[in-house]
Each structure stands twice: as C-alpha cells, then as structure tokens.
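Before I ask anything, here is the structure I am working with.
Order as written gives the chain letters A, B, C and D; numbering starts at 1 within each chain.
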C-alpha cells in the first residue's frame, strides 16, 4: 500500500500421525502468514505419495473456498505458501508450493529466500539437458536435491548435501513421499520455527501461525539445521549447523507480525524497544506521539513510554481498501493516501506531533502523510524512524535491490526534511538497533544499512541475469 | 465478526455543477462508509433524468471494478449505499439504491433507518393495488413520496408532506430527474451531514466520507430538515424541524468511524471520554489497560490516560480474515476467535489486565477473549464496558430486537463474570454516557439502555409481521 | 449471431402435488427453451407462499449452478423464464420472473409478449402513486392484476378481469400463494401449451420443453383461456375465449424449435412444407440444395425432396462460438462469418447451388455467406427464402420495429440479388405461407408481411415513449 | 456428451514476418479446433525470445477474454493448444503449451499424441537428476530436445535427433527463441497441415483452422518431416521421412471436423462414402434414414443417397447443453439423453428407421436413443455403424485403453441388438473402411479394429505405470 520494503514469502508445513485435518490447518495458518506475501498462495497435500495441490495468484480467500479446499482431499502432511512479488514479477507461474516427480516419487517444496548462485546452478543443469519452467529458486533447489538424491541414501541426505551447494538465504519445507522435511540455511537469514499440536509436528515462518491454530512453539530451527518428520517421529541433521544466525534484522523492524517470536524475542517488544531507543537518541519537545498505521504503532508506543509524551491516535486507516481498490484518477497519489488514511483533527489540532514509522524507502508517501497532519492543524511534525537509513541493496530476498531509488542515498537528512515537510527527522542508530532484541543471540544481517554482508555477495543482482523472461498470465 | 450490534446502512449523495466525476467520488466515499454495512452496496448515477445503477451483494470492491464503474457513465449527480443485514435477511433484492419511475420521471433513493409504520403504509398501498418487490422500507418511502407527488407542486413538497406520514428513523438521499435531495427524520435518529468540494454539494452518513474525498464538512442536517440541490444551488425546507435531536448514542459508542464528527463531537474523543468516565466509575488496581481490537481501543486509551495505568497492546488482529473466511470445523467458536485475535504474551504475561470493550450483547465471544489472555499468562482480567448494559430492544434499525438474547437481561453482573471468567466487570453508567459528547446539543436516544424511547413504539417488531418472505438468491 | 428477427421470451411453470423436484424440472426445461432468449433467465419457487428466486443476465448455465439451484430450496410450484433482448435493452433489471408482494401475499410472473397499451396503463397507475422499477410489461400486468384483485373474489377472477384491460400479445404463467395460473391473450399471439408428468401440471411456451422433461403434451391453451392449478386439480376460465388464434406465423418459420408442436402442427414439418412450396414457386435447375445452418436446414430438405435436386451440406457451423466470442479486429464482418461458418468445398465445388434460409432482414450477412460458396467453387448460387419479404414492423414483441432497416423495403429483388451476389432470389408467397401448417386451425398474424394486423396498432411504437431510461448494470 | 472415443488434442502455430496479430489468429484458430479437446486450452506468444502465455482448464471462451488476450502482448510467433482429457486425468497442470527455459533460451511446445516409451525416457532423465512437473508427454519431449540440443548445432538438429529417440505418435509445434518448428512422427499417426496467410506460415492439426482464419492450405506434413520457419522463410528436414503414413483412420470416421481435409481427402466425403458402403453391406427395407446428431449425420446422408431411402431428421440436439450442465438427479442416464436429444415424432412415427452412427464403444447410450425413437412411434430401428467394431485398445493417444469396456468384445451382434433394443445392427467392414478416403495414399492405423498395429506396442499401457499421481486443482 505504501512505500515499503517487502518480504518475499511465508512457508508452512504440517505432519500428522493422528488424522488431523492438515489441509484446514494449513489454510488457517496461511491467513496468519498472509502479511508475508499477498501475491499468490498455495497448498499441497500428500496422501501416501499422491500429491494434490492448488495454487494461484491472489490472497488466501481469493484462491481457496470451501469447494477448492475439499477438492484437495486429505493426507498425513501438507505444506503451504504465501508469496510477495514485485510489480516486475507478477507471474502466476511462480506461485508455490512447487510440486514435481523426481527419481523416488513425488515431492513438493515451499521456499522463502534468495539464492546467490541460482543462475550458475541453472546454467549447469541446462548444460546437462535440464529445463526450467519457472524463474523461481524453488525449482533450482528441487533440481539440486533431485540430482543429489541419485548419489545419496535418503532424501534427507540429499538435502544435507544440497545445502553445501546452495549459496544464499533459504528456509524451506519439503514433502517427499513419506517425510516432511524442514531446513534453514547455514546463515539463518530467514526465520523458521517448529511447533506441536497434539501428535502433529508443524513448521512455519513465524510463530503467529502456530498460535493461530493452537499449536505450541517448540523452538526455532538452528541455522543449517534439517528436521525430518515421519511416522517414527522427528529427528534432526545438524551437519551444516554451527554458524551464528545472521537473521535479517528487518524481521524485527517490519516484516514479522508483532505477535510472533523471532530468535527468541517478541517482535512487538523489539519494536517498542526500538521506539524507546529512538526517544533517547532523538528527543524533541512535543505534545503527542503517534505512529503511522500499522507499521509505526508499536515503536510509537515505546517512544511515548520512554519520553513521557502522551501516546495518541493521529490517523484512522481504512480497513476495506485492499488490493482490488481502484486508484482515483485525479491527483492520484495525494488522494490515494487520503482515502487510506484519515487524520483525527480532534487529536492533532494545535499539537506538536512526533510521528513514528519503521522506515523510509523512496520517501514517496511520507510527504502526503505529513500534509494530512498539517491540514488537520498540527503545529509541528517530527518524523522518527525506528531503523537506520537504507543505503545498500539486499541480496537475500527482500525487494530492495537498487541503490538509486533509496532516498537516504540521494539526499541529506535536512534535504529530506525539506522535501517531505517535516520539522525534524531522526533515524535509529545502528548501535541501538543491535539492542532492540536483547533475548536474541544472533548476529543480525544489517547489510542494507552498512553494506557489510555476512557472506560474499555478487557484483550483479541475480534477477538482472534473466533477460528473456517467461510470463504466465 | 464478533458479538456486536450493527448499524443497518450508510448513505451518500453528490451533486456537481462543474463536471466532477460523481461516480468516482461516490465509489471512494462508499469505501469510507463500508463499516456501516458490508452485505451489499450500490451506486446510481443520474444523467439528466436517465438513471443507470449497479448494486449487488458484497463489499464495494466485490461489486465494483473498473469496467462496472465505467459502465455507469457520467452525470451531474449520484447516490450510493452500503447495507448491513442480519443473517435472516441476507437478501440480494434489498440492495440499495432503489431506483424507479414515478409520475414525474425517474427517482432513486438511498436510505438508512427503520420505519415504525412501514407495515401499515404497505397494507394501505396494497389495498389500492400497489405491489412491493422488496421488504425494504425504501420502497415504502418511495411509494409515499410518489403518492404525495400527485398532490404537491414539487418533489420537495411531496417529501415534506411524506415526512408527516412516515413514523420512525430515517435519513435519506434522493435523486429526482433534476434535483438531489437529502432529508433527516424529525427526531434525527440517524446521522446525516453535508459538505462541499469545489462546486459540488455532498451528503453522507458520516463526515469521514467527506474527508476521504477531500470535501469540507459544512454542517449536519437538523432533525426534520430537507436540503435540495439543483443547478440554482442549495436550499432548505425546515417545516418539520424544531425537535431536539434524538440521535442514537451508539453512533458515538460503536457505530461511527472514530474520525467522524457526529452531532458536532469527534467520535474518537467521545470514546476516549467514555474510557475516562469508566476509569473513574470502575477503578481497579492493574498493570496494563488494553482494548479489544478495534472497538475497544479508543476507550482503552481514555481509561489508561485517566487511571495512570500504562496502555498496551494485548492482541493482534488478523487483518486478512474477511467475510469469505471459512469457519474451522473443529471447536468452532474457540478456534474462530483465536484465528482472528492472537494475544501478545510478551505484554500480558504475569500482568493484571483491564480489558476495555464497547459493549456486550449476547456474551458469546468475550469468554474466549478472556481465555486467550489467561492462556497468555494474564494474572487478572477486569472487563470494562464503555456503555451501559443492553436491556431493551431497538426499534430504529439496528439489529438488536429481542430481549431474550441480551445477556444483561438474564444474568447479574456476578453471574456474567463467572460465565465469562472475568475477575470483575464494570459498565459505564447512563449518567456518564450523557457526558461523553460534551459538544453535542442533543437528547440522545438511549432506549436500548432505559426502555424509554423518544417516540411511542409498537408492541411488536415490524419484521415479525412479514411472514411470507420473498428472497432473491 | 446472424441477421435475424428474434423472439423475446420463453416461459415455463410447473405445479406438483406429489413432491416432484420443481426447481430441477424448471431448470431442465429452460435449457429446452433457451433458443427463445439468451440474454437473461430466472427461476422462482413457491414454498407455501414463501417465494425464493434467482435471475440474472446470462444463459441458463451461466446463471445456475449446483449451489444456486440448491439455494432455491423446494416447493410445490415453480416458474421460469428466458429472455431475449435487443442491444438497446440489455438491462439486468428486466430479467424475469418478476416477484412481488401484493394484497393477498406473494406473486411471481413469467411473461412473453408485448402490450399495446402498456404505456397508458403505467401512466394511469403512476397518477395514483404507483412506482415502476422496470420498463417491463410484466410489471404493468402485475399492477393490473393487483388492482383488480382488490375488487375480485380470487386471483383468477382478477386475472380474468385484467385481460379485458390488457391490449396486445401476452402469454404468462403466474404463481399466487396457493395457485399456478397460466393465461394466453384472446388473440393467441404467443404460444403456450400444457402438459402432464405424473401428478404434475406443466405450462410451457413450446412443447419441446415438455418432451425434455418427459412430460406429455395435453393440449395448447386456447386464445383467451386461463388455466388454474392448485391442490384440487386443474380448472379453466374461458370467459375471454372465442376468438380465432392469431398466432405469429414466424413461430413456424423461425422462432420455435423444430421438434415443437405449435397450433397442432409440427414445426419441423411446417418448415419442410415451406421448402416444398418454395420449390414449386421458385424452381431452378441446380445440382445441390443446401440450407444456411441451422435456420435454413429444414426448408432445404423440403425443397430438395420436392425438386428432386440432391440435398447436401454446404457449411459446417462452429458449435463453440457463443455469446462471449471476441470479434476479430480485422475485416470484421467478413471474418466473423467465416469463423462461424466454413464451406465444404468438396460438396459445392463446380456446383449450381440452391441455398435456402428462413428470412432476410437487413441483408447484412447473406452476401458473406454467398461469397463463402463462391470462394469454395460454387458455379451458381440461388437464394430461396422460406417466408415472404419483411415489409412492416411487428408490434407484438419481436425485435423488428422499424421499416427503415428492412432490406425488402428499400430495394427490388434484382437490386438485392446484385448487392448480395446471388444469381437469383425467391421468397415464399403469402399464399403458400398460409398452407405450411395444414393441421393448424388458426388465422396467423402475418402483419410483418402485409401490414394488416389482427388488432388496431398504435401510430408509434411503445418503446419510443420511454425516453428517460433506467438501466441496471 | 455421449459414448464416444475422444481425440486428445489440437495444435496450432503461426509465424508472421509482416506483423499479423498472431495472438488473435491463434485464438480464432483454437475455436476451429475446439472439437479436438474441451478440457483445457492455451496460447503462448514469443516476442523475440520473451515468451508470455496463458493456459487453463476450460473452453476457449472460458480461458480467454479481451483482457487476457491483450495481456499476452504481441510477437512474431504464437502457438496454441486445445486438450481433451479423460475423467481420470482432469488435471489443470496438463494444460499446454508447455513453456520452459532450456540451454539456448525459452521454448514452448504444443503436442498431440502419445509416446510409447515416455515412461522409460522419464526414468532415464530422473536418474540423472531430472524433475517432472506434469505427467504429460510434452515435458518428456522437451527434455529430450533439451538434452539433444547440448550435442547438436541447432534446435532443429536436436529435434531431428530426438525423433530417433521418441517412440509413438506425435505431432507438435515448437517455438525456440527465433524459430517456429513443426514436426510429425515418422508414422504420421496424427494429422498436421501447413498453410499460408499473406506472409505468415501456419501449422494446424486440421485444415478447418486454416479456413477459419482465411489461410490457404499448402499441404500436409509428411510422416517424419520437420518444417522450420524463421525470418529467412521456411525449410524442411526430411531425414526421418520415407515411411508410409499410418494416420489414425478414426480421424476420418469421427475425430476431425467434416470440413477438414486429412491425407488429401475431405472428411465429410469420407463419411458419406462410409455411409455408401454401409448401405451396400447392410441393406434393409426401411422408410427413412437418419443420423445420430452430429456424429452420424454425414454417413446417414451417404447411406440415404446410396440406398434411395429418404433422408430425414429424427432428432433435434439441444445446442445449449454444454460442459457445465448439471445432471438430473432422477433416472439419470435416460433423462440425460432426453435432455440433449429430442425425437421428431412427426418424422419417425410409424416409420421403419435406419439410424446411422459412427461407432459404439460401451453401448451405454444407444439403447436410450433407440428408446426415444420407439417412444416417438418408430416401427423398426436398424442401427448402422460407419466403422468396424472396436476390439482392441489404442496406444496412440485416444482414450480407449481397455478391452473390458468394449461392448463388441463382450457380446455377439445379436446380443447387442437385444440389449439395445435394435431390430438389426450392421458395422462397416474393414475392407470397406479402407476405401472411404480414396484420395488418401496412406496405410491407415486400424489397430483398434484388428489388433495389428504399425509399430510394436508395449504389454501394458503407459498410464498404468504412473501410480503416484500429482494433481493440480
């Protein structure tokens, strides 16, 4: 809706020995993960090696109704996926799970991340006669596993070996004919947790999906860990483990749902903490602290509590404006913001406002938001951002990939203030950022702020290498 | 979604001398009014007496897309409608605006309210040969106006005379071949405001619809007032004016959007005030004040500010669960609540919680919500309701109509506490309720709390008289 | 698809004492009547006075699926409707059955025809305060019956009295709370037959609908006859009977399905007879007789049999081109014909062809059809039309209403031949036309050929009086 | 609809140097090929190596509308596909064209046929690490070509080499980044013709697709021939040519559209010839020759012409009953036939009827059809089948694959007569069958009648080897 960085995917898997309705659980869980991807979604169910699936462009309620859920039948295990996509890649063929037949039967894969060597791996397979029906890394991962399976004694061994070949960020769940397997890359860029509901084992990108279906969080997978569930229970391969987690810090800042626990730390609390440090680093005399709904609300509460300035509501967000909304034709951008957000003049009139948001990317909408406050009578508007300025591209699956469009790269803080009409602007420091999740024992990836990445990154972004596109409409 | 009383409708009308895109403005405004009715919606546009319309079951984005909006064409005026419906009346035929031809050409009507003598008026018309294609009061109103038009010199005179025949609650906008007319019943049960955008005059149930399209609020119509807009400008008939407004107090407590101004008073501020009085009347020692999202959030902020107890978030509401959501099959109600609301254990664990909501109707979901808090580790849960207990039916168009189902009618406060698992329960007093909108100069209808109504009410509810239903699927 | 006159409607009604699935029977019967109208369709079912219905734009399979049929529930009686509409009147609001509440409960009406005094009757009702939600005669008929019901002892008496007020062509079926009633205007312009299936009584525009559901044709209703079915059985009112049928002769020539029996005469046989007389009146030396699919096939067989010239197939019609077909952008008309019809050069090459069709209206496609034959190698093409030339408008519900567009009005036979590229052109004579249905004892309406109508017709066509339209999109 | 053998696919490809609208031409051509497959369809367009496609379950008008056609953009070449599927394989994932990236860029394939060694080839690829996302031979063919491409100098050379590996029936069109290539297996089991429209080259399963878009038939591809079109024009590889065509004779008997020319012979004429020989081989004294619509009509005309018995219409087929038709619940099969076919009692009453159809497979509907004639008053019903009895399975892509269900395998002619209620039954002899297409210089595959196939066939049918299915819903 606004000027945001977006996560690429949410994944889910469930294995039930005791006859749980795995399709229904997956369907409900995908609702809980919907914030991680709204472009497409899918569910695959495995009935003793026979896989039935449905996936399409659209939100969960667009793709699934009673009849389509029923048509999937039943089985011991199911996996699901929600996908975000940039405008350039609005491609029905990329919906997941990816389902295919390999040498040992049918497999299905739901994946979140971005491979750094995906292009090279594809080239290699194609030189041996391989064909690729999507431009999705999931197909590359599946090919790698299929190839390794011919040399390995089991699918989990093949996955273990594949993890030595795959470079980059990935968390995935995979169904083989008899097993549900979850894996997280050795750097742990992407979250993946496991839970239990009666006799069912569950894997999900975020713990809020476990809460939603009433499951209990067991723990998060370690970086490099593989978990295998079958009728004999659960077991782990930790051959690729050992490295410290380089979880993307933006999961705490913006991506994850506030009620999730990531790296042992409540996301909501991390955001309040960010607000607290922001208040310490960028104090200002003001009458009211407000957040931009919904992404700035948690940090705004933290800022208010720390600063002692009252917390209040500055905007009402229209909850009915969705993806199908038709943009107004006149004064497009300004109106578009007004339709989605309405300011509460009763709250802001005559006030000096601290307005908190999680980030500024291109800076395209914040000016309109500030104008809404001014029109409603705000005397001063001080912008506080609960993360450092974006300066570098992300190579790991979020949709910021070019430095040109990042406002912080092109203008000074004062210039930005002037452009957007703010009285002041304060970003959270990198130092403070490192403290917002005190329970987490990880070495966050903060490459988009520092340009220093936990792994060597290529000169060129992967996606620019695929010039001759295939698009399904 | 939850256990709520619901408003029946939102209405909108626009007249533009200067070529505004009246269809687009109506479409955008209906998004702002969508909270008043999610069952059906419609738009009618008047191009010099030729009326084109579209209406159907569904939300605004379900019923209108680019093509269907375009197919409506253009015109000087348009009216729109959103409709709530009880389960018993999920009837496509009741969608509005109602469009028909009467003796002087085509007319269209969008209406919000409930007639007390609708059945009697229908009987009368039918005895003269009339036929009714809906069970909607809008058709009765249109018949009344059509009949009066034959005796009157103008449509506005016919409306003025009709208002002497129509008993009950009604706000409506009507397009005749050349005029846009808005009217509010002499008791002013339902809100209706007017605004201006360049040369366009606008009428809407709530001011948030004006804000959304960038229009300025002029004022609210007085009870009994008729406003007529045509090419000569705006004029008023105030023949039925004089009575004090008996606006439904529940507009302030729950129905209206917080950013609207009703009877001169900010709805958000009224709810904060309700929270403030609630804190004074029902203090309790506690660690955290939370609201049930979204209906209790404003009052919770007021409670927190007044009591000095910190305000916090106890729940995350899933924003993607909509009307098409498929109910889980197991342990239905409990799961349904969990899927929509997830508690934040990081916030509530070990805490004594004050949980604020706007009302309890049947008490069917509050127990599950309290259970969510207990499961998340809350030590105590104190329920505070920002309105008095419902004890009597509403005759004016909200969907509470039977005393049997009202929990407050059947159990004492202690019994309710026990049933829902609360440590304590406090309702706002009727006295305090009268103070929450200090700017309002009206004599609110509070009949659902007191049993005393501003007008004589029938022994029996209107809807029970229509036994042989017509239903469109 | 081609240049044709079209019928406006097909109607159906069923009353079952013994628990037949009246909704399913109506649904199946509407498929059999679909050729009479493809714009919209609907079904209404009456469960002891409670009426549930569904109607919408589209073909039967577009409007009804398993779920929507099921949602209609069950009942003792149901009526259905299919509707043709001219481009100018593609209006969702005109779908039938029309359902409404009148003084004695709920009624529903399916109607086929055209009133000559509809406008006058509407004016009269509106002067008494009536409102009209459609521009459909069905609403006028229902108003008339509702008005008469207040003065009569029963609904059938009200219908009997209404028939003295209604001028023009109409066949209808009507459900009152307890009765299913069918009626045909005193001139019998439109067909209506009755049948029986076990204990069910059935009425339908054409007997093919009876065959389809396995019912037996009892007889056709007489002009002016009313049939009433209720739990006591069937009875008739014949107060308006006595006149000779003025059935539209075009039912035999083109409108009806060949397997129907109309006025006691097989439609297929009538068309073969027309071909026979055509062969006698317009003999030509030729090698092959072909029909334009599908409307000319029956008459072509008759022509071939009578002339002794072999019958053959000249064209294959694409059965998958339906209403949703997208017109090609280049050389539109020519291509459009080619896509729908392909000539069989193996049959026509080097041959002198007699090409039979039922009529020429504007002459817009016949030239392309002849060109297809020439391109396929036909040496000569002789056009034979199994009806006389159209010279006058129809006032009774078919969609030819202006003399300007009729090619026969504007050009001589020779000019037409030249325009369309035919070697010769022959029309059936009016005299021969009167003999094509020898079993029929009726005085066909042939006003479109002669300008002499069975009743006095207005100066102006009804539809031109409604200038300020209401359109539902 | 009835008891028929079905063809599996129709294919189409176009290459235009001069800017023809290749998407529109493909769309129109698919309508002409729709009879070859109604389950799914698709179009892929190649814009200088960038391929955009759309494919889905449904008829052409279900899958494509104006917007979706437009979204495909433009390009120099496009291919299309329509697909038939057995009930067991109603699988959205099998829609074609198949589009993928291989070592030299993007390719797309539309295919008609059945591989005999598909399973073995897949096993081989999987053992090298290959994955299969469909159970479709098109993926196997693409893999084979991709593999061969790594060893060959061009895609056409890779195809030429692949043809030595692929066993069975296949005709396909393929787009590489720069070329449109069409190929037909060395036995020529499946038809494939080429045509020209201005500067465009076109390939299609049947010539009726060429006629539809106004293209001229150049010739049919020879068995084993490869045609390559690019900016330099057209050229051929005939390395695998030389064998005589073993075209499936059922293309002439039933599969192809009557207006197509297959192996140089008009399909309509072949069917008339079949009728002629049938009349000679199985004469009977009768009053009328009729065909079962539409499959028996052509042969019935031939029978009538040869025997001198008059040709007539016995049935009207409902043209609106499509795939979405809901089966009636009572006496299902009998009613289902009645709804689709209605007998013309005016024609058949009291007559001795020769009823011609193209084939009897399981014999499930012919009994109902005969009953319709008897109920309509037919005195005698003599069944004549314009092909020999089915006795053996087909291995080449039609959907008869088990001998158990073939009525001719299980009963004598007399037993069948008794079962279906016929007075006599006559099949066309194998000898006569060989004469129905006198212009054809081919050695038809008639294995389903004789059990002798042009190539060695496996013991087991391919499809039985895939037990663990993948199904997309």
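What we mean here is this: contacts are C-beta pairs under 8 Å (C-beta built on N, C-alpha and C of every residue); 3 or more make two chains touch, one makes a residue touch a chain.
Bear in mind that the values here come from a model prediction, so they are computed numbers and not experimental data.
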{"item": "Other chains in touch with both chain A and chain B", "value": "none"}
{"item": "Chain hops separating chain C from chain A, counting only touching neighbours", "value": "2"}
{"item": "Where chain C and chain D are represented by their mean Cα positions, the distance between them in whole Å", "value": "37"}
{"item": "Rounded Å distance, chain B centre to chain C centre (Cα mean)", "value": "47"}
{"item": "Cα-centroid distance, chain B relative to chain D, in whole angstrom", "value": "60"}
{"item": "Residue list for chain B, restricted to those that touch at least two other chains", "value": "none"}
{"item": "Pairwise chain contacts under the document criterion", "value": "A-B, A-D, B-C, C-D"}
{"item": "Chain D to chain A touching residues, read off their complex", "value": "49-55, 68, 71-72, 98-103, 105-107, 122, 125-133, 135, 139, 142-143, 146-150, 177, 468-473"}
{"item": "Residue ranges of chain D touching chain C (in the complex, touch as defined)", "value": "21, 24, 27-28, 31-32, 34-35, 59-61, 64-66, 69, 208, 211-214, 257-259, 261, 266, 268-269, 294, 297-298, 301, 305, 310-313, 315-316, 318-322, 324-326, 328-330, 335, 338-339, 342-347"}
